[in-house]
Amino acid sequence: MRFTMNSNLEYEVKAPTIFILNLEAAALPRQRIVAEKLTLEPANPIDRFSDDEGGSRFFRVLAEPGRFAVAYEAEVEVNMLDQAPEHIREVPVGDLPLDILPYLLPSRFCQSDLLGRFARREFGELEPGHSRVTAICNWIYEHVDYVRGSSDSQTSAYDTMVLRAGVCRDFAHLGIAFCRALNIPARFASGYAWKLEPPDFHAVFEAYLDGNWYLFDATRQAALQGLVRIGVGRDASDAAFATIYGEAELKGMSVGIEAAHPVADDEPTTRAVGVG
Amino acid sequence: MRFTMNSNLEYEVKAPTIFILNLEAAALPRQRIVAEKLTLEPANPIDRFSDDEGGSRFFRVLAEPGRFAVAYEAEVEVNMLDQAPEHIREVPVGDLPLDILPYLLPSRFCQSDLLGRFARREFGELEPGHSRVTAICNWIYEHVDYVRGSSDSQTSAYDTMVLRAGVCRDFAHLGIAFCRALNIPARFASGYAWKLEPPDFHAVFEAYLDGNWYLFDATRQAALQGLVRIGVGRDASDAAFATIYGEAELKGMSVGIEAAHPVADDEPTTRAVGVG
Amino acid sequence: MRFTMNSNLEYEVKAPTIFILNLEAAALPRQRIVAEKLTLEPANPIDRFSDDEGGSRFFRVLAEPGRFAVAYEAEVEVNMLDQAPEHIREVPVGDLPLDILPYLLPSRFCQSDLLGRFARREFGELEPGHSRVTAICNWIYEHVDYVRGSSDSQTSAYDTMVLRAGVCRDFAHLGIAFCRALNIPARFASGYAWKLEPPDFHAVFEAYLDGNWYLFDATRQAALQGLVRIGVGRDASDAAFATIYGEAELKGMSVGIEAAHPVADDEPTTRAVGVG
Amino acid sequence: MRFTMNSNLEYEVKAPTIFILNLEAAALPRQRIVAEKLTLEPANPIDRFSDDEGGSRFFRVLAEPGRFAVAYEAEVEVNMLDQAPEHIREVPVGDLPLDILPYLLPSRFCQSDLLGRFARREFGELEPGHSRVTAICNWIYEHVDYVRGSSDSQTSAYDTMVLRAGVCRDFAHLGIAFCRALNIPARFASGYAWKLEPPDFHAVFEAYLDGNWYLFDATRQAALQGLVRIGVGRDASDAAFATIYGEAELKGMSVGIEAAHPVADDEPTTRAVGVG
């Protein structure tokens, strides 16, 4: 499928400020960037860097006091893995590629070390595989309320486990923490999410199964086959669309994504969607 | 039923130390103290005070450096409320006696303000009454592991909700927090617990229903009709058997309770047990 | 000194709701209520109850859906203890009146059990007495930023110790926790605060010294000799101006206090101010 | 300087268990491994992997139930950067190499996002550079007690900020959190620490200054010029000497390090020690 997407950020910069921005579509084999355009006002020079492993593309830019705006638009051909979930196995720790191992460790917002007993009690007896991660998503969907404004940038999976409310970021953190507690590598992923209402950057998570990273969205708000991935990381701290060193206020923001061609199939998928 | 019980504490006091001790059977209409004896070595003078409302009996004593031992033995006739649980109603907040209201508030170890969403989701639709508090106990029993050493004196209901392990104190704190979140007054109770293995001070909780305080034990470890209550309070901080200001090390401790007469009925009760 | 004060609360009630309100001036020997008037719209019947020990006056009222407004106005003659702080001693735990002991225990928002090491390190070597509690207030004033909106109703002293920002409630909680950790009984107090800008209910704390409760305000925002006390308790959960069981939204609120006669002395006091 | 070191771990394995071990001296330009020997009993096959950036060397091994022992011995020539600290500058965020940026982000045990206000208040006005990080270490040394057993594997910088006690791991986490909050990249480092008493694996931290990583030890327990680095990571979760997936109990452990040649200079260094 092909999507067009755009995002616009407008800041009022109050002191010289470094922005680390991560809003471009990731460079992935299964996510081909057909066209894209990045516009900065003013057009300050940027430093680019990429995370080879996850395909995240960052750039760093210095903005002086005043208005600073970033506009991105792109057309991306997405060709996700699309598989029957039944046969997607978990990988024993002893067989995991060695560079995947860090995704088993706890992180700032995903305290898998503290959630282990719960995760093993609740999910430990389930059949390993893609369906077990789906069971984790179902549990989150059924036990946590999606409530805008109920959490903030400091809310962690530990908190969400008690408070039982959050937004996409919190749902993803909890899913990641449960997976890691079960020895399933998991990471945070941000993206442009087709059909998300209202449109916004979205957060989901990826679990490493059978040699690939598969997407999961415990909020059930977006269509996974229409998620154009931006960034991945251990949790939201690694994959923020903007990390700001200085003093700047976000004055406006818009995010959009559309299918480039009319799409017949409107059904939510029951297939496993992988980014490879 | 009549019980004989005893407790023995032995401390090594390293600097002049004030002990606030709460290990005598409470003075309650339904708990008649037939005989009792308190022995201190050395036999320092004590100040006594009682909590009129809950019947807790405290005493304060100053111990100088050296060995300090406290021995208590008592014979107590317990005549608990023993009722069919079906007809025991919850009391609407508007009808609660005004001195009961503080037991709706959050406390150090029972953060009912943070557990409200979960409690309402899980127990909010259940039929109000004694059976709903029993459902709370069942949930705790089924979802939290009783593991000696898994918690410490700083562990709160918030933590136990995530960590899913604890001892009697933690089970009681969680039950209290859930009750308060549902507007059921609840408090912490310590006692001598018949049939508890291994013998120790025990912690349970009380919920205020239909005009009386009823006992609940989410650990299912003791026989409620054989719980001789010592102290009550908002949580464990109010009802510690010993609060120590100074420097003293607990060197030995024993606790025991026996039925004074042979008891035929060995069945756990399914009746509601109230302290009045 | 004599003060006139008033408060007005207006709610939109969405379902039958019980309000526990605590906004009347406390009944204290040193705080004589010359005149007062409480008006409810609609004029629903109320249940009154008082905390004998702290003088707090509560009432409970049921409001049906619709507008519900409470107006209070009063004239109060305040005759606080006014003493030279130098001679106000701390009371050893062994000499404390027994009903004061609970104010040494940790509570929901004042985890004195966790702050003990810090408190002893920072304040343990200071001369005991009123001046030591003043030193605690100075530390808080110097190390915590007063920032409106930086905390919420779930913020505890533990959090404030790390986050270093808060409002009057948080400053009081931290002061209480430090005092208790040093074996100085301390409690939360709410009141009408003369000269507070902008006018609002204020929170301070009281420490028990030399047989009386003395007021302390680590925010330095109000004049202690002009604090008309409303309620006291272990922490903010006991002394909220409104505790609500049901569903109601606060639509408007105003609070005011004025000296009834012109006052010459505009200096902040360096005297110890006690409520008896 | 040249050091000989060894470590011995002995486990009782209860179920097939994967060990990820990180106890070999890191492969760094300034840390030349002269000789080394790794012995496993039984001699199971291992998978090796290295973190190119930090030089950490891990291996993975599967152990079957029974005794499992790992012995490592090495001789390492250490040639640390040794500089006058006065001229070592901080690097503005805009000039940091892009792969260093993740070390500015909060992590599981180093919640720099929550400690920012404190860090800026306490250290924000200090002269930037190596001396500011030394000031951070001094603050930790002066305000946190080194107390064996006062913390556990779940203790984070947030906790240590309140509890004010910990071990080397906690001291390092707090230093890292403060640095990151001030926009100084910082990471956790484990090592063999010459002169550490009693001998054990040690934890310190590294700050990125002026183009190099410099070592800091807020515990002041080891000689930095004699720290043979093992691993680095965002915090202790990345740099554990053993991460265990399965069921195994540590039955014995010894760690040792000696200078290979007599060393004249016994003075603690006031020089900046860098790993390059």
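In this document, chain identifiers A, B, C and D correspond to the written order of the chains, with residue numbering beginning at 1 in each.
As a convention for this text, a contact is a pair of C-beta atoms (placed from the backbone, for glycine too) under 8 Å apart; a residue touches a chain by one contact, two chains touch by 3 or more.
Because the structure is a prediction, the values reported are computed rather than measured.
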item	value
Third chains touching both subunit D and subunit A	none
Separation of mean Cα positions, subunit C and subunit A [Å, integer]	45
Distance between the centres, which are taken as Cα means, of subunit C and subunit B, whole angstrom	31
Centroid spacing, where centroids are CA-atom means, of subunit A and subunit B in whole angstrom	47
Junction residues of subunit D - those touching two or more other chains	114
Chain contact graph, described as a line, ring, star, complete graph or other shape	ring
Subunit C residues within the subunit D interface of the complex	114-115, 117-118, 121, 143, 145, 158, 161-165
In the complex with subunit A, residue positions of subunit D that touch it	18, 20, 47, 49, 58, 60, 62, 92-94, 98-99, 101-102, 104-108, 111, 113-114, 153-154, 183, 237-238, 243, 245
